[in-house]
Structures are given as structure tokens and as C-alpha cells.
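Two complexes are shown next, each including chain A; its partner changes from chain B in the first to chain C in the second.
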Partner chain A sequence: MNGVGSVRELERETEKESILHLMDGRVKLILLIFIIVYAVFSTQIVVLAFLELYLLLLIYISHVSFKSSFKRILLLLPFGGFIIAFQPFIHPGDVIWTGIFGLQVTQQGLMWAVLLMSRLIVALTSIVLLSSISPMQEVAQSFRKLGMPRELAMIFSLMIRFLFMFYDELHRIMHAQKARCFDAFNKKIPYKWRMKQLGYTVAMMFLRAYEQGETIYMSMVSRGFSDQSNFYQDRKKKLGTTEYVYIGVTVLLVVCLQVLAMTHFYELGVLGMNII
Partner chain B sequence: MTRTIIQTENMGFTYPDGTSALQNINIEIKEGERVAVIGSNGAGKSTLFAHFNGINKPTSGHIKIHGKPMTYRKEELLQIRQKVGIVFQNPDDQLFAPTVIEDVAFGPMNLGLSEDEVDGRVEEALKLVGMTGLEKKAPHHLSGGQKKRVAIAGILAMRPEIMVLDEPTTGLDPTGVDQIMKILYMLNKEAMSIIIASHDVEMVTQFADKIFVLHDGEIIGQGTTEEIFNDCETLYKAHLRPPKSAELLYMLKNEGFPVNIKLTVDEAYHEILHALGSQSYHNLLHLVKDDLHHKLLHSLGEDKYHELLHLLEENQKDVTSS
Partner chain C sequence: MHIPDGFIPLWQCAIYYVIMIVALYFSLKWARKNLDEKLIPLIAVLSAGIFAIMSMNMPIPFGTSGHMLGGALVAIVFLAPEAAVLVLFIVLLIQALFFGDGGLTALGANVVNMGLVGGAVAYFSFKGLYKAIGKYPAAAIAAWLSLFIAAEVVAVEMWLAGTFPLDVGLASMGIYHAFIGVIEAILTVVVLIALDKLRPDLLAWNRKTSGGQKLEGSEEVAAK
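Then we have the complex of A and B:
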């Protein structure tokens, strides 16, 4: 799956129709951030397992493809996974395995790694779910409605608009190269030359972005843009029953999990143990 | 009396690197006029347009809006940019917001209008260009023609007195061109002045009632559509070609045929019929195997058929003017 394809695929997911898709963007954004924050502060694996199950249920309700969601989670996992992979070896505790060069795995280190991995999976599932049920423009609107600083909000909105345009631009350049038989992986052609062509492509993208930036600024100025300019905000949408139900269910789940974590989960052994 | 909205006096513009882009520009655009600036690529059309709302400042001469020379003060510029709306050639240069509604609302928001007023103007502008219902769409989901219409709506929402469009039909299919032209005719009917830049002479012939020919940053010709397209020398000098019909008649005229230059295909058709005479025309119909005109000619007789063509021409003129 290349970059262009994945962006378009993600867009198609956001165009599906479900209760979650139709919900107010602010509610989706706040609740998923709420889940991420709660997951980060949780120290019991069982709590994270319940949160993950809840997120999977939401993915099911929103008709988002499980396959593409898992694929995206797997693609993102290595970024945090790399740090987690070291934890069993560097965390002090009871040694459970000794390998070559004196490498030792501790039980506490292993449990810490599992906890971190669980947190990471919950956080990534939340992000994948949010990006699958909310078009990027809706996320930008929600951030603005929630009081994101004007300059940041404008940069964010511009980025969303031109991300797609530059993907199209890149696609066109790649097409033009393919039409003249260019293949970056063709081993019959010198490696250095192929790298040079890829370098030209990136340079061309920067140049076009720069030129486009100049013209866009002119067109914005033409419509009265100044340092005081604001983006329009849709004020018509008000929270409905589904939004309140979603907020209620999520908050209730977190409260129940927290109560159980403090009173009963320790009985579950390793899964319910507090890992610090 | 119709007011002059834009007037330039000996205006010139030189880029900071010393490249001279415009020299000695003298133009006058009045309320309700349909004006075209024609010229080849690099003639200076876009640079000229950037002066109309103060994006570029002339390096010599000056520009007047409603008779007052532009001072380029911040508050004045905002007023001028509200009065003179520019639609850029490439809609992707103009549509920068993540959704259609946010983009169209951008101009009115900058005018400091109330939220209700902004909502009203957005709704009205989108209705005028036939884009109601697509408010939440992302610009990259729109077709070329739709993007252009949204770009126009973004300007309309500022309620300008004059609309300047840089190459409004470039890259559009015939349906897209028709839709844009319909919108422009409609706006002009409501007394809005329209200025377009183009090298599509066929479209300009249909649309404009006043034309400026720009070449290498200078106005080398100005006048009514008929005046400009009767002067093929000036057009060739500007690296432009007259409309096909005019070009054909121009060639015939140079060969000594008694024809006048006509700008549309229908007018040229009739002009050639006059020049050839009925018999030759009858032979021509045999040659091109035109059944419809041939049947009419036989059933009506040559004189009545000729009269019919005149009636059709009059009718066509009435339809166009209404």
C-alpha cells in the first residue's frame, strides 16, 4: 500500500455511514483523547484489555473494516515498539532468563514491556478509529471549536487541504516517470542514477509547493486576508441524543473500570496486578 | 450615466529584478461592462489584474477606483478588495480551506461581518453558482468545473461591484464552459462589471463588448469586438488568431470577394451566401450533401429561403440580446 493509496483508502472509510460517523466531531475527538489519557495512566493489563475490547466494538458499530484498521495499527506499531523491545533487558528486577553477552531478561521488565505495548495498542486503536470515522476537515473544525489557537488552526486546515493536492501532484510526477519506463527498483540501471531521479522528484515537489504557496497567499490577500483573519465555524450543529448516549457509555465504562481496578481486578493475578 | 469603476493612467510595472511587465497602460472600465483582455501567454494579463485590487502596486503612473487614486492604506485595500473580486486561473490556488463552506465564507469573515450575515452570503453565493448541497465537500472531491464555480462563489460572497476572472474557461469541458459563461451573463445582467483575461478568442467574441489587446506588457489595441476582430494585423502581432469564421472571411476579402468580417459561424454562413449568390450556394449544398437546407431551398424557392435566413438571423440576435 503506497502513501497515495492509503490516504485515499482512509478517506473512503470516513465517508461510510454509521452512528459514529454522523456524530459531532468534538465528541468523537474528546472521548478518544479521554480513552488515550486513561489508558496511559492505567497500570493494570486487564483495564487496557477492556478498553481495547470497547474500541473494537466501536470499530464494529462504525462499519470500519477490521482488516484495514489492523493493518494501520501494525504499520504504526514499530514506532513505539522499538522502545518497548528494550524494556525487558534494561528494567531491574528478578532475572528469569540469561542469554549471550550477559543479556538478562527480568520479570518486572517483561511485565513493564507488556503494559507499555498494551497502552500503545489502545492508543493506536483510538487514533485509527478517530481517523476512520472523522474526515480530516472535521477534525480540524473540532479542534477550532475547542479553542485551538487561530494560527495553529489555520496551519492545520491548510495542511489538510494541500496534503491531498500534493499527493495528487506526486502521483502525476510518478505517472510521468512511469510513462518513460522509470522504475526505482530496476537493478539494470545504476543505483546512483536512480537515487538522483528520486532526489529530483522530491526537489520538484518542494519547488511546486513553494510556488503554490506564493499564489495561494496572493489569492488569500485578494479576499482580505490579514493577521486578524479567522476561519468560518459551523455553528448549526448541536449535540443530540446519540452524542449524549456515547458520552454516557464511555464515561460509565471508564468509571466502572476504575472502581473494579481498585477493588476486584487484583484477584485476577498477573492481568490485574499493578505494574509500576 | 454609467460610472467608471477602474481607470489606469500611464500605468507601468517593473518587477524588483528589473523585468518590465507592464508599460503605459491606459484603460477604463465602466459599470456593467463586459470586458476582455486578450493576449498570448506571458503578455502581462495576470500582472495587470493583480493591480486592480492592490496586490501589485504600479511602479509608474496610477490606478483609480471610482475616480480616486489608490493609496494602498490597509483599510482602503480591504474596501477595494471587497469591490474588486479576482478569480484566479487555477482554482486550486484559491480554494485553500478544507471544505467548500469554509472557503466561501473566508472573504466575508475577513470583512468582519456577523456570523448570520456570513451564513446568508455563503448560502446566496453557492445558490447563484448552483453548488447548494455541496457545502461540506472537500475541494479535492470536486471536478474542475465545480472548483471553478466554488472559486467564483468565494468572490461573490464578498458582493463585489466588479469581477475579474483570469482565464475562466481554461481546462474546462464544453459543459463546464457553458455553466461558467451562464453565471457570468447572469451576474452581468444584475449590473456587475466583468473583466476576463483569455486567449480563447471564440469565447471572447461571444462574451465581451469591449476588448483590450495586450502584448509584451502594452495595450496594442482596444475597441468593440467587431473593431478588434476586423483588425487581424493587430491580432497576429499579439500572437493571437481571429475566430475561425472571421479568419475565413478575412482570407476571402483579401482575395477580392465582397465580404465583411463576421465573428460567429451563423453570420459568416450568411455572409458567404450573399457573396456567392444563390446558384453557387445551391451547388455548394449539393457538394456538402446538406439535406435540410437543400429541402428548404427547394420547397421555399431561392428568394423566400434567403428571407428565411434573414428572419433566423434576427431571431438569433433577439435571443442573444434577451
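Then we have the complex of A and C:
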């Protein structure tokens, strides 16, 4: 899971200025989801390679740090990487390597693993890009504008506001525990006692969250909030030329890739073959 | 337990999304009825708190570490699996959108596993057990079961997606989450005991009514 450092780092990246940062939040959100969905749909490695190149180009245009982007992608890979690592050994097919204890690597398993890893890298790059060019609050507003139910959109928006506060709260509690030499992973301390302390920390966080929720509710009511209240929204912003160019280029790229995938990519051998 | 993008085919993702939307519809309906206009700030801030709680790494017996999910805790505090669906939907959406923890196309599957299955298993096992063994032992078993069953459902989904064999998936997910579940169980109970001492009014079993509705079984649970 992510710590307070990564949350703050994310918000700092979104404060940079570039053509992509200034674009309408809805366009950024929809197009990056569109790329992820196409990546999951695709079964050819070459298609995913082109999508990744396009995303890297977008990262370059948006002045987002390549170093921090790669670092974030690498940190996220182990979650899926663990499952992918098994694939060459568990998929039936043509055996290309036999190791100790009768372990066998099949060609189909290996290709499937490469496909899954390629999809995962494209999806994670999209998420890293989206979260680096769109402030959380902008994404929340985009969801509302795109028709997310009022209650869910308000919960989403409010939650983002309080996320930072709770990270700070947790950070303070853990700092205080550390100052008193508490280490949850210290095996010299009885396990039961450590769990009790952690349990109280969680209970305190839960309690503060609940009580904060009630306080916020009271302050919202005193400012005229009711169950019929709605978001304050700017007047509907019209899409500009840059947004239309971005939409056009992305859709054109996906259409071209799909046409090439069906007609020419098979000539590229392993890279262009359909892996199902 | 978060399934990433690319591991489940799109048509199966669509099915999980439909299930998630239906679950969300009923959860919102429950929330409107039981939490009134308090719903929005309460669920939002609680989700933020659960999000922070999930970032705490805890030691597990035999060396490894894990983090709490919180779905069982929410379901038992509110005595409603709907609350777990709502809170986990928001938490998982933010994790998928900003942190790449769980996929966006797999969001439906992740909400079904952790929110719907996790919340429902916690609620129904708690409801089924508290009369026989008391509320805290019941909460511990419910929390452990909710995590364990949710993990096994992930193994089934990965098998349906053709990504992992069923026997290996069930065994590996089961063994690992059997240990992680210990944390979920201990912490759920410690939090419930603390809440019962400090703010008993927050626990649904201590309230006779909520939003004008009688809470089913609240008196019996409180007495146990």
C-alpha cells in the first residue's frame, strides 16, 4: 500500500504545467480508461508496445518525471508480477525447458506471461500518467460531470479532501509510537501486546474518522446542506482545439493499431501473433 | 488480493461490473434509508479513515506482514453488508485510479470480492454465530472468514479467467490469507471492544433504531 509520501508526491506532480495538465479532466480520464480497456482487449504484444510508446510520449509532453514514473511502475509491478511469474510453468503447451523437480516451461505459458506483463505495464503507465496530470479533485469533478450518481460523486469528492488529513493523523500516531520506542515488528515484545497496541491505533483512527464525519456533517448542515444539495459546478466548459487533437490522435492510433493487428502484424512473427 | 488490469477478459469484467452496480444500487438505497442526510459525510470520512488504516503494515505470525481490509469491521459496526460495499467501492476506486493498486477494468471484480462477498460473509456469519458463542468471538470468526472466503473467490475468478489453475489458486490464496485473516480477526475485535467502551452509540447493535428503522437483532447482539 501507499504511504503519505506517495500521496503528497502525486499532488506535487499534478501542479506542473503542460498542455496535458491544462486539458479538460473528462477528456484525460476517458482517454486513459479507453487505452487501458484497449490494452486488456488486445492479444498482440506489438500492439501493447505501440500503446506503451504513445504513453511514454504523453509523459514526455506532460513534463512528468520519467524517473519517478518508472519508479512508481516498478513498485506496482510485484502485485501482478507474482501471478505472472507462475504462468510459464502452469500453462499446458510445447515444452521448451525442463528444470529441477520436473519443472517445465511451455512456449504458450511464456507467451501468455509476456502478454499479461505487457498489459500490466500499459495499464500502470496509464494510471501513473493520469494521476500525474490530474489532481484528485479534478477527477472527482469529471466523474460527476460524466454522470456519476450525486451521492457517490459527493462521497468521492469529500473522501479525497479528508484522505490527506487522515494520512497526517496516522503519521502523527506512528511518530508518537516510534518516539516511545514502539516497533510493531519487534519480536522481543509479546505478539498479543503488539496487536493490542495496533488495534487501539486502528480503533482511534476509526473513531476519529467517524467523529470527524459527524462534525463535518454538522458544519455542512449549518451552512445549508441537505440531502437534496448538489455540487457547485463551473459553467460547462467547452472543449478546445487541444482536447479535440488529443481525442483525434488517440482514437486514430487505436483504430490504426486494430486495423494493422487484423491485417499485417501477424507478419512480425512472435510479436504479432495472437496470444489467447 | 487486488486483481490488476489484464488478468480478467473484458467480457468477464463486464459481468462483475453489472454485479457491482446492482450491489451499489441496493447499498445506496440502504444508506438513504438508514443514514439519512448524514450518509455523504459519514461514508466519505469513514472511507478516508479505512484508506489510511489499510496503509498500516502489521506483523503476521510466522514472519510475514499484511494489512487490514476493514470490510468486516464496517459490516459489523453498521450491521449491514451494504455499508462495506459502499466504503470499499470508494476505497478501491481511488486505489485503482491513483495508485494502480487493483485494475480499473477489474474494479467490478475487486468490489465483488472484498466489498460484496467480504461484507456479506462477515455480516451473515456474525449474525449466525453471535447467539451461540457471543459477539466478540463471532466477530473474530466473521472477520477471518470474510477475508478467507474473499481470497478464495479471487482464486475462482482467476481460474474462470484462465489465468491460474483452480487447485493451486485455492491452496496458495487460502494458506496465505488464512494467516492474514488472523490480523483481520484480532484487529476487528480490538476495534469493536474499543468502540463499545468509548462510543457505544456508534455500534449498530447498541442502537434500537437508525433513521427511523428498527435494526434487526440489535438488542440480542448487545445482550451477548
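Rule of thumb we're sticking to: the second predicted complex is superposed on the first by the 240 of 276 C-alpha atoms of A that agree within 3 Å, B and C clash if a C-alpha of one lies under 4 Å from a C-alpha of the other, contacts with A are read in each partner's own complex, and residues count from 1 in each chain.
Operating definition for what follows: contacts are C-beta pairs under 8 Å (C-beta built on N, C-alpha and C of every residue); 3 or more make two chains touch, one makes a residue touch a chain.
Remember, it's a predicted structure, so these values are computed and weren't measured experimentally.
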Tell me the contact category for A:Leu152 with respect to chain B and chain C: first, second, both or neither. second
First, second, both or neither for A:Gln212, with chain B first and chain C second: both
Considering only the touch criterion stated at the top, classify A:Tyr244 as touching first (chain B), second (chain C), both, or neither. neither
With both complexes overlaid on chain A, does A:Pro135 touch chain B (first), chain C (second), both or neither? first
With the two structures laid over each other on chain A, which partner does A:Phe66 touch: chain B (first), chain C (second), both, or neither? neither
Taking the superposition on A as described, I'd like to know which of chain B and chain C A:Met165 touches: first, second, both or neither. both
For the three-chain arrangement built by superposition, which of chain B and chain C touches the greater number of chain A residues? C
Would you check which partner chain A:Arg223 touches, where first means chain B only, second means chain C only, and both and neither mean what they say? first
For A:Ile36, using the defined touch cut-off, is the partner it touches chain B, chain C, both, or neither? Pick first, second, both or neither. second
What is the shared patch of chain A, the residues that chain B and chain C both contact? 136, 157-158, 160, 162, 165, 212, 216, 220-221, 225-226
Please output the residues of chain A touching chain B within their complex, sorted ascending. 135-137, 140-141, 157-158, 160-162, 164-165, 168, 212, 215-216, 218-226, 229-232, 234-235
Which chain C residues qualify as touching chain A in the complex? 2, 4-7, 9-10, 13, 24, 28, 31-32, 36-59, 61, 65, 67-68, 73, 86, 89-90, 93-94, 96-101, 103-105, 158, 163-165, 168, 183, 186-187, 189-191, 194-195, 198-199, 202
Would you pull the chain B residues touching chain A in the complex into a rising list? 50, 53, 55, 74, 78, 81-82, 85-86, 88, 90, 92-99, 101-102, 105-107, 109-111, 115, 118, 122, 138-140, 154-155, 158
Residue ranges of chain A in contact with chain C within the complex: 1-4, 6, 10, 33, 36-37, 39-41, 72-73, 76, 79-80, 83, 86-87, 90, 115-116, 119-120, 123-124, 127-128, 130-131, 136, 139, 149, 151-152, 154-160, 162-163, 165-167, 169-170, 174, 184-185, 191, 194-196, 198-214, 216-217, 220-221, 225-227
